[in-house]
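Before I ask anything, let me first share the structure, which is written out below as structure tokens.
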């Protein structure tokens, strides 16, 4: 089975599901609101560069995610929209130490690979580096909202819409989106800017997300929106 | 494309992904702990019986989920393990009323179909009815942990392991599991007792869950565990 | 020691503290925002009427809290502002049952006195009864935000300011306010509409709250604000 | 009015309140559980040393809090109990920047005084410095549980009891305790190890806490407990 066949087969399954979802009233459009923030999840070197257990699919990273992010950041900064760069790292990566801040998660995935002391691992990729003032938020779990002050931060900023990018579709991006809508935000997933590291995972997770948790939109649509909605620079 | 072909092709994709996951240190076993609770998600009539937008695949419901749940409940009750029945309903299902307790979710899915006033819709299916003392917990969002006191309740009970069942794999079950591990619980997903309403969704969601968020185990394994771990009746 | 002397001596302590707080930069004004909600905490019969362990000081209840609430509700409803009525009750009030939804709290206070089956106990006081559409939100803990979907609900409504009333100053009101500001809301405590059941508790809790967590304002000020800020009826 | 008179007057108020609380069933004992953690709140230099807006009462700090903490830490470490050192700092302390991670809190108190870039300010006091492996957890809000992974961390460790120390009684200690019991932990407040910076605040906050949220216990009692309950070294 080639990846092309997988995508085609998945598309057939999605088409069949879409019939049922449409009949039942799923796949509604949540829409863009009035005050957006970009929430960029785990686009740090351990995920965006080769050689780490967390390294993602490099083709999509270099050719779609990073270029898409550059366009989104440019539009956000030009208009004064809030940008949050989320990353993940651990103070105590000793799996046998009950004090580890990895919680239960190291019992499923290799989170010990992101040591807080090695700043390069969790630093945001230099191609999309934060500028002065943008918050780099450290998380310990999958969701950017779980065990972080993100929801309160966004509320303080008056944000009603989160535009979510990053990796991985299966874990940190999907849980961030699911928490986002639960916590009252309009949720947008940027198609070209969400990656993973195994075949099919981006496709089926974006399909599930669009059916129930967020609108999946293109970079073009999001950039256009960011350029046409009031930000802090013009409100 | 028949459902059988879909499953077969998905299995090929899973096999390919498993190679990468194994090399990288994903798909670890979280294991069963010392004090379990069953967290049964949305096995209420709107989901378990025909005729509602939320109605799930009835074959799996009647032939696997309900019979499996009956065996799990019997083992849990015989040993005095905690059981939580989770359901969902809304006081104000008027989508145009800003006061609605549906939040943003009705902007994606038809949550207005579960009106709090129609108790039959959100009552737990009578084939797996709660017994005296078991908590029926009402939620408003996808995850059983989101906007509910569930984590604190389980902590008070000394629970360290949640055995999760119900519907749907895509939404309320998966988000419950993701929150469960984030909040420090060992997370077990019961293969036969998790359903959905569209093709492939159970398969790919259980695959993602097992790779990163919970161990997917059979009813047999879970029943055996429940019968051999100390519960409130024998601790 | 009479209550009058207590208040006078507390005022002296507050005056002394205020000097330090002012020098250090505490006691700032958070101010009213653009979209308010009234969050009315536990003004249900077990707290507002005689004869329950939770019964509060009846003089303040009948002469200040209820009349003040009536004015606030009138202003809120006339302008279409969001009102949330919060109450508390338990499904399983058996303290020896590990399944009880009272959590750890019954190990400090008599929460078993509010049984979900006795609806009169947790129904909102008829003098300030909810009208059609207003959400009556059930909580299990002290804070109206703890284990509830309140934050997400308010975000969905676009609310940026919570005007908090009810009982008790020591517990459910104070924790609601502390969580409110943490979660990004502008927090206003309505002086005449917050009660308790023991001497001094309202005074010192409102003092602490005003120093660090919310602006303590009068009913007059809040009514004036509600009448002059855009609500759902006029936005 | 001298501080001595204030304390005496407050004690009279507490005695009167205690009668009512006892009649009504408040002031119950939550008790120590089987697996404790010390949660030490904001004992960092900005709070424990002179010269900062957050500097606390130095007499109590040097003569009671720090010596008490040294005894608690010695007992915890000797027995392998979990210790969490909590501190607070901000990446962006520009109050006029919508991107600031201070949230709404700088609208009430001078949180801009704790800049993340000045590590000395938020480093734990060297007299009670963390040892290898102990987690130093950064928070942004008052409660150690608000916007942090603390609850999940403690649950992963199997902790059922939190022994809370630090500053201030009014804000970060009290909110940590209130969240602790809400989230299912047995909560103990260590009388000599909780401070503040204004007269009366420790007294009335510990009184409220003992009535409704935690048992207030002495250092002696807590040290004795830590030496006699199984820790990671002996379990």
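Chains: A, B, C and D, in written order; residue numbering restarts at 1 for each.
Everything that follows uses one rule, which is that a residue touches a chain if its C-beta (ideal position, glycine included) is under 8 Å from a C-beta of that chain, and two chains touch if they have at least 3 such contacts.
What you are looking at is a predicted structure, and each value in this text was computed from that prediction instead of being measured.
Asker: Are the two sides of the chain A and chain C contact the same residues or different ones, given that same means over half of the numbers occur on both copies?
Answerer: same
Asker: Take the average of all CA coordinates in chain B, do the same for chain D, and state the distance between these two points in whole angstrom.
Answerer: Averaging C-alpha atoms per chain gives centres 37 Å apart.
Asker: Find the geometric centre of each of chain C and chain D from their Cα atoms only, then give the gap between the two centres in Å, rounded to an integer.
Answerer: 24
Asker: Residues of chain D touching 2+ other chains?
Answerer: 103-104, 141, 146-147, 149, 151-153, 156, 158, 182-185
Asker: What topology does the chain touch graph have (line, ring, star, complete, other)?
Answerer: The chain contacts form a complete graph, every chain touching every other.
Asker: Taking the touch rule as given, give the residues of chain C at its contact with chain B in the complex, in rising order.
Answerer: Contact set of chain C toward chain B: 82-83, 91-92, 94, 97-99, 101, 103-104, 133-141, 146-153, 156-158, 232.
Asker: What part of chain D is in contact with chain B in the complex they form?
Answerer: 149, 151-156, 158, 160, 182-185
Asker: So in the complex, which bits of chain D are touching chain C?
Answerer: By the definition above, chain D touches chain C via 1, 5-6, 9-10, 12-13, 16-17, 20-21, 24-31, 53-54, 103-110, 113, 141-143, 146-147, 170-171, 175, 178-179, 181-187, 197-201, 204-205, 208, 211-214.
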